[in-house]
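Attaching a single structure in structure tokens format; questions to follow.
By written order: A, B, C and D. Residues from 1 in each chain.
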Amino acid sequence: MTTGNDQICFLSSKDFASASTTAVIASWKICPSSVTTDSLHIDSNFSSFFPNQGILERLNEGVVIGDGGFVFALEKRGYVKAGPWTPEAVIEYPEAVKQLHREFLRAGSDVMQCFTFYASEDKLENRGNKAAQHGVGAVNEAACKIAREVANEGDALIAGGMCQTPTYLSGGNKETVQIEFQKQADAFVKCGVDFLICEYFEHVEEATWAVEVCKKTGMAVAATLCINDEGDMHGVSTADCAVKLANAGADIIGINCHFDPDATLAGIREMKRGLDEAGLKRHLMSQPLAFKTPDVNKQGFIDLPEFPFALEPRILTRWDCHRYAREAYDLGVRYIGACCGFEPYHVRAIAEELSKERGCLPAASEKHDMWGGGLQLHTKPWVRARARRDYWENLSPASGRAESSAFSKPNAWGVTAGDDLLKQQKEATTLAEISNLAGRS
Amino acid sequence: MTTGNDQICFLSSKDFASASTTAVIASWKICPSSVTTDSLHIDSNFSSFFPNQGILERLNEGVVIGDGGFVFALEKRGYVKAGPWTPEAVIEYPEAVKQLHREFLRAGSDVMQCFTFYASEDKLENRGNKAAQHGVGAVNEAACKIAREVANEGDALIAGGMCQTPTYLSGGNKETVQIEFQKQADAFVKCGVDFLICEYFEHVEEATWAVEVCKKTGMAVAATLCINDEGDMHGVSTADCAVKLANAGADIIGINCHFDPDATLAGIREMKRGLDEAGLKRHLMSQPLAFKTPDVNKQGFIDLPEFPFALEPRILTRWDCHRYAREAYDLGVRYIGACCGFEPYHVRAIAEELSKERGCLPAASEKHDMWGGGLQLHTKPWVRARARRDYWENLSPASGRAESSAFSKPNAWGVTAGDDLLKQQKEATTLAEISNLAGRS
Amino acid sequence: MTTGNDQICFLSSKDFASASTTAVIASWKICPSSVTTDSLHIDSNFSSFFPNQGILERLNEGVVIGDGGFVFALEKRGYVKAGPWTPEAVIEYPEAVKQLHREFLRAGSDVMQCFTFYASEDKLENRGNKAAQHGVGAVNEAACKIAREVANEGDALIAGGMCQTPTYLSGGNKETVQIEFQKQADAFVKCGVDFLICEYFEHVEEATWAVEVCKKTGMAVAATLCINDEGDMHGVSTADCAVKLANAGADIIGINCHFDPDATLAGIREMKRGLDEAGLKRHLMSQPLAFKTPDVNKQGFIDLPEFPFALEPRILTRWDCHRYAREAYDLGVRYIGACCGFEPYHVRAIAEELSKERGCLPAASEKHDMWGGGLQLHTKPWVRARARRDYWENLSPASGRAESSAFSKPNAWGVTAGDDLLKQQKEATTLAEISNLAGRS
Amino acid sequence: MTTGNDQICFLSSKDFASASTTAVIASWKICPSSVTTDSLHIDSNFSSFFPNQGILERLNEGVVIGDGGFVFALEKRGYVKAGPWTPEAVIEYPEAVKQLHREFLRAGSDVMQCFTFYASEDKLENRGNKAAQHGVGAVNEAACKIAREVANEGDALIAGGMCQTPTYLSGGNKETVQIEFQKQADAFVKCGVDFLICEYFEHVEEATWAVEVCKKTGMAVAATLCINDEGDMHGVSTADCAVKLANAGADIIGINCHFDPDATLAGIREMKRGLDEAGLKRHLMSQPLAFKTPDVNKQGFIDLPEFPFALEPRILTRWDCHRYAREAYDLGVRYIGACCGFEPYHVRAIAEELSKERGCLPAASEKHDMWGGGLQLHTKPWVRARARRDYWENLSPASGRAESSAFSKPNAWGVTAGDDLLKQQKEATTLAEISNLAGRS
């Protein structure tokens, strides 16, 4: 099947011709994983064309780029509801989900995470959410099917994912919580994902319970907490968290969500220290927010007054993502991914920053050129003047918001797993409850 | 065909059940124009189901909601290159374009603008851009086909669009410029669009030339300049611009792009005054940026140092869009649309704000609930406390950027049509040219 | 008496020797008006040494520099109470008042305003203020005596001042209000001031009543309102205000207090237009705040939430004062003074900016050198690198306050003269009243 | 002598009568140390009236409040040159210096620091500074005389001070450096100060050399470095610095200048930890800047681009000083003072915050009332509404500067003692040198 190669040549010779003045791009080839186009028929055996190495082999050899944030991106597109944040769109609007996968693939993602975030049964049915009607197995399987279909358009792997549960937050014991994880794991085994990701855990205890369930599948397991360098919600230090995850069997360890790249990498630095001191060797993984969060406490961006509907001024620029990718790589992180807020162009920036290390550019760079090179084609001369790296690297972007501050005062209710206020509740929240909570904040 | 109606019922009774506590939503029906789902087979005769009134009839009866910004949204998704900003994606990646149309439809847009922005032949081939190879007719027709297909999934109209040309900026005369417009107009007539939009003109003179070409088609014509209340780039007052457009034959008059909602509405207020004083009655139309621009001069956001790759902190929140919609409506604007930066959720906010006036909610409100109502389903109690209108209306969002200012100092080179620096050039910009320009800024 | 000349030479040759590298300073002489030193015996006939031209003669010939803000400076030094803002310190702490006068003289002020602000009897006794016990005549005379003593140390004029009264705000009629003004005028005549200033009037009507009283003394009269370009509190346009003041007999017309230099000069531009259109020729006078107020409404800085105890981040730098002086001069203002917030170093900056026009530098420049030249003597090399004009002119100073915004939302109660809430009241405010008012804001 | 007591009664009964609604103030007496008025004859034996306890006795019994920043305050008044920052004003303009002392005394300062900052001979003659012509002994003695005169108007102590020398920065050895210190110490002994302060040392090594010289006088010695919690410029940890100072003989240990209250107290917390761990018991002393410096590195505010002529937006409000005083007290600091930027009203705020602990209010509170109580007398009702503690405590003041950021990027040249760029040089800096340095920054 030559489509892939043709596409590479096509992009190199024709579309990239416009970049003839930007020597840095001209000589690059397109990363095989990201070759896709919806205008071409893709052979279903495509995955056999590229030797489909497993995640650990890929990490041993070089950098793996993750994909971006599904719940935030699909919320903005109209397919996910902020609040429950559950992924029933995989059944209701599969084409929309598929399109987002395809954009991330094209942007350089080597892994398609099945859109199974919060797809545990106890979360699908919570406070009025009725997504559980689709069936926990059906939701997870539909997500896998979509991910595999797009992954095979390129050379990506797919990963089943699971995250923290209402059952644990409600004070459920290990057995009860693991039952929820097992339901998801069964679906992932059934549909044949390439590896598993346990992510978005605020309590390392629950994360190790998830890792245990996942390990039994025999697949490689990644585990990331949503913490910073101040430890988990129950006071376990970040360094110790990493050791606990490693001892539970995790092959890849790190942090996702809740913090911006700076705080995420600060946390991973602690994890690395913990693993080193314990003599443990694991791959490191970072999947931060695409929102600036210098002002949060250890609970993360949930506590920001702007969460989730006024985070716009905090959105990372593509240049912030360049810096993130470089700093993560320099720290030794090899699974460099992304979480809430990351749109396809943010992931492309990671892939462009690491193009030298990877030896290729993502397909979507066809429509970008490194460091703003595409501005060479702009009509206005003062915009053409911005087609250069130093311009963008040195810019501190204004907010256009004179009545806004740089930092917020985050909420800090300090409730953790087991607190009454966190207990699962199947009935919808009443207005009286909202009013009561509003009075507390 | 009952699919549409079923869908309405479905959304009202089941999905919106979660909003039982938000009384304001419970009783609303879904706007017919926005009914769509990619999981359903849509009959190709769908448009006959809803009585397809023309744009002027719709404006006479109530509010028409436009769609959002294609070049910026598709740039972030990886299908449009910033710099040329041309729409060859309609041929290269039609599914990606179609998906964006569908999201806007679902968000409440009553008009699908064919993605023909900058699709004049002289722009498709400029400074190294090779998009003209597809043929100007082919590009415009492909765009129309996609727009019609999605419009028919609901009850939307489609509009062919044209905008300012390199030929005019290079000092071309009326005849030369109108030749470029005629090529696009021919394509729009051929594929049967519902009406025409002349938009994004910095010089009212060129806009009137475009309107003249469009009027000859017999279709209704909208004309919007990208100016504020300080007049066009050649010093014609904003009020006079409106009168000139009306006299040239425009049925709908207003402003698009280059400025945020505040400045756009300030400009339209001047236009309204001009039309009133001249005794002319036309529909008003606003399609502002989704970026805060309090600090720009009359050249608009192009001059901001952040344009186009560091505008993130300026992105409007959905609550900013609520305010925009209300202020536009109160000013008498009835074509309330959007331009660069507007994503589907921004358009949904317009539709939600005007839901009372329109008597319906967009389909995508299934995944939102008015004023953050979906947060009633959030796990964390302090986030549930934010499920209320007054919380979001009173929030001034922090930027998370302590080294950034609120305002920038915009470039102000002051070159207008005819200036050497603006002349069209088919060859790619050289690095020496960039370096020379950088020294000037 | 050669002391003055010696001092000039002394400064030029010895102290300024350190500035040998800053050629711009070396050749300047010291302005005669500002020659003073507390280590020298000053002859009481000193004023005869310099030909004591009147204010109008001086304005006809060149620029006159006013002095700075007494109530704010003395509040910070511990001698004036914020709230009443009355000047009984002239009796209680004459040395402290004298020292401030001397600093302004040394900084370049050509006029010593007697510290008689708010020294009308109805203000000295209001809401618990007991300053009236000293007697309105005694307060005004003590102020004159101090001002004259310092003025005679150099070549400055002294001016008696009066401002808006509680009687007017309480709805008092012309006769009642003029009785208050007459008491102050009598004191000024008695102690022989050089001219009179009617200042800080929010309502032009009351200002003209004051001008009338002052004109009867036969002295030159300056009149300044505390308004911007939006007119007075009763809706009289700023241009019309100027005409009314001129017609009432004011020789010098302008704006003081309530707004920053930008807004003050915008208002004076309107006044100039009004006078020009009416064919009236008067000297223009500006005495703005030393606080940035881009966010206020027409009521001025009183409405800012930060007034009066948290205005620090808004304080002008000396470089802001340079710009103010230049812009005022270019607009044609020849009485370039200052109001609340202006400290001696701010006035020195005005005098330094206008040193070329005036042909001299103020005595206090001995301890400064133009444009930060003194930093040439700094130990740290990176601070020596800042001893240059372009460094300071291009700096936008950071606030060090990440939780603060650039703009505030000012109060806007909209009450004007005659409103019950503004009525004079001799009794102290009760806590219940405060609590009630707090509930309204 | 009853003047003092009368004054107390006077303030309590009459002036404070206006505060009858603010119960908190009514019952307080005036701190004896701050009783002064320039309108009263002060008996020269006044100091015998109040039992003049030494500094250590006072610290053992309660809180001692220091005075504010002389060089910055007198620079703004026109008597000190920024750059050399030397105190020859004590000879040239003694009345101006005396007035500032008197204001601090009145504001609540228990210690008058002789204005001998940078009064070492090698600093008085440096890079064109000619202040050494007065003689190092004469300068130090003149400063003592002024301080004693004002101290005796109340019940304050006076302290001789010395600080880091150009000789040390130039790489001078212990013997050479101590010669400079000895000259100052001799003057302090001669004129009879109450104790000595070694302050503003960036290198603990030099500070210990100063302490050794001072200890030989037999007087109590305070020693403060200008560092934060990251250690001194040569890498000695902050905790170790404290131990070294204690071992050298310092009785009172802490930090002054270079950092805001937050960073200063963070540093003192480290010092306290170091002393505790070493089993050493010393009094703690804090004298921070009155400028916000969250963005500096370990070199302090000298590195901020705004130093020293554009620091205005960073100036502390009086409410920031309240918080500082409370936090210092809670940390165990008992010498709570102030440095550059602190004006008399800032010191008054410290004294007001600690009025309960001290059992008295400073004399200057006559013109303030706690927590903005004086606003009860304001004419405008919405300002009267601000006469309450919670209003001011919760306000984040806006900067009025839309083009400014919250944080700056500090210079960081990283040169320390011994570096060529820091070497003393008697000749004036040339313009060529400035130009060369400007190119480096």
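Just so we're on the same page, contacts are C-beta pairs under 8 Å (C-beta built on N, C-alpha and C of every residue); 3 or more make two chains touch, one makes a residue touch a chain.
The structure displayed is predicted, hence computed values, not measured ones.
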Problem - Steps needed, at minimum, to go from chain A to chain C via contacts - result: 1
Practice task
Name whichever of B-D, A-B or A-C reuses the C-D interface, so over half of the contact pairs are the same residue numbers.
Solution key: A-B
Practice task
Would you mind pulling out the distance in Å between where the CA atoms of chain B average out and where those of chain D do?
Solution key: 59
Fill in the blank from the handout: Per the C-alpha centroid definition, the whole-Å distance linking chain A and chain D comes out as 51
Practice task
Take the average of all CA coordinates in chain A, do the same for chain B, and state the distance between these two points in whole angstrom.
Solution key: 30
Exercise for the section: Mind pulling the residue numbers of chain D that touch at least two other chains? Expected result: 295, 396, 402-408
Problem - Interface residues, chain D side, partner chain B - complex - result: 295, 402-409
Handout entry: chain B-touching residues of chain A, taken from the complex the two chains share
Key = 14-15, 17-18, 20-22, 37-39, 75-84, 92-96, 99, 102-103, 106-107, 126-130, 166, 169, 260, 291-295, 302-319, 343-345, 348, 363-364, 366-369, 372, 374-388, 391-392, 395-408, 411, 413, 415, 421-422, 428-431, 433-434, 437-438, 440-441
Fill in the blank from the handout: Listed in rising order, chain D residues that touch chain A in their complex are 396, 402, 405-407
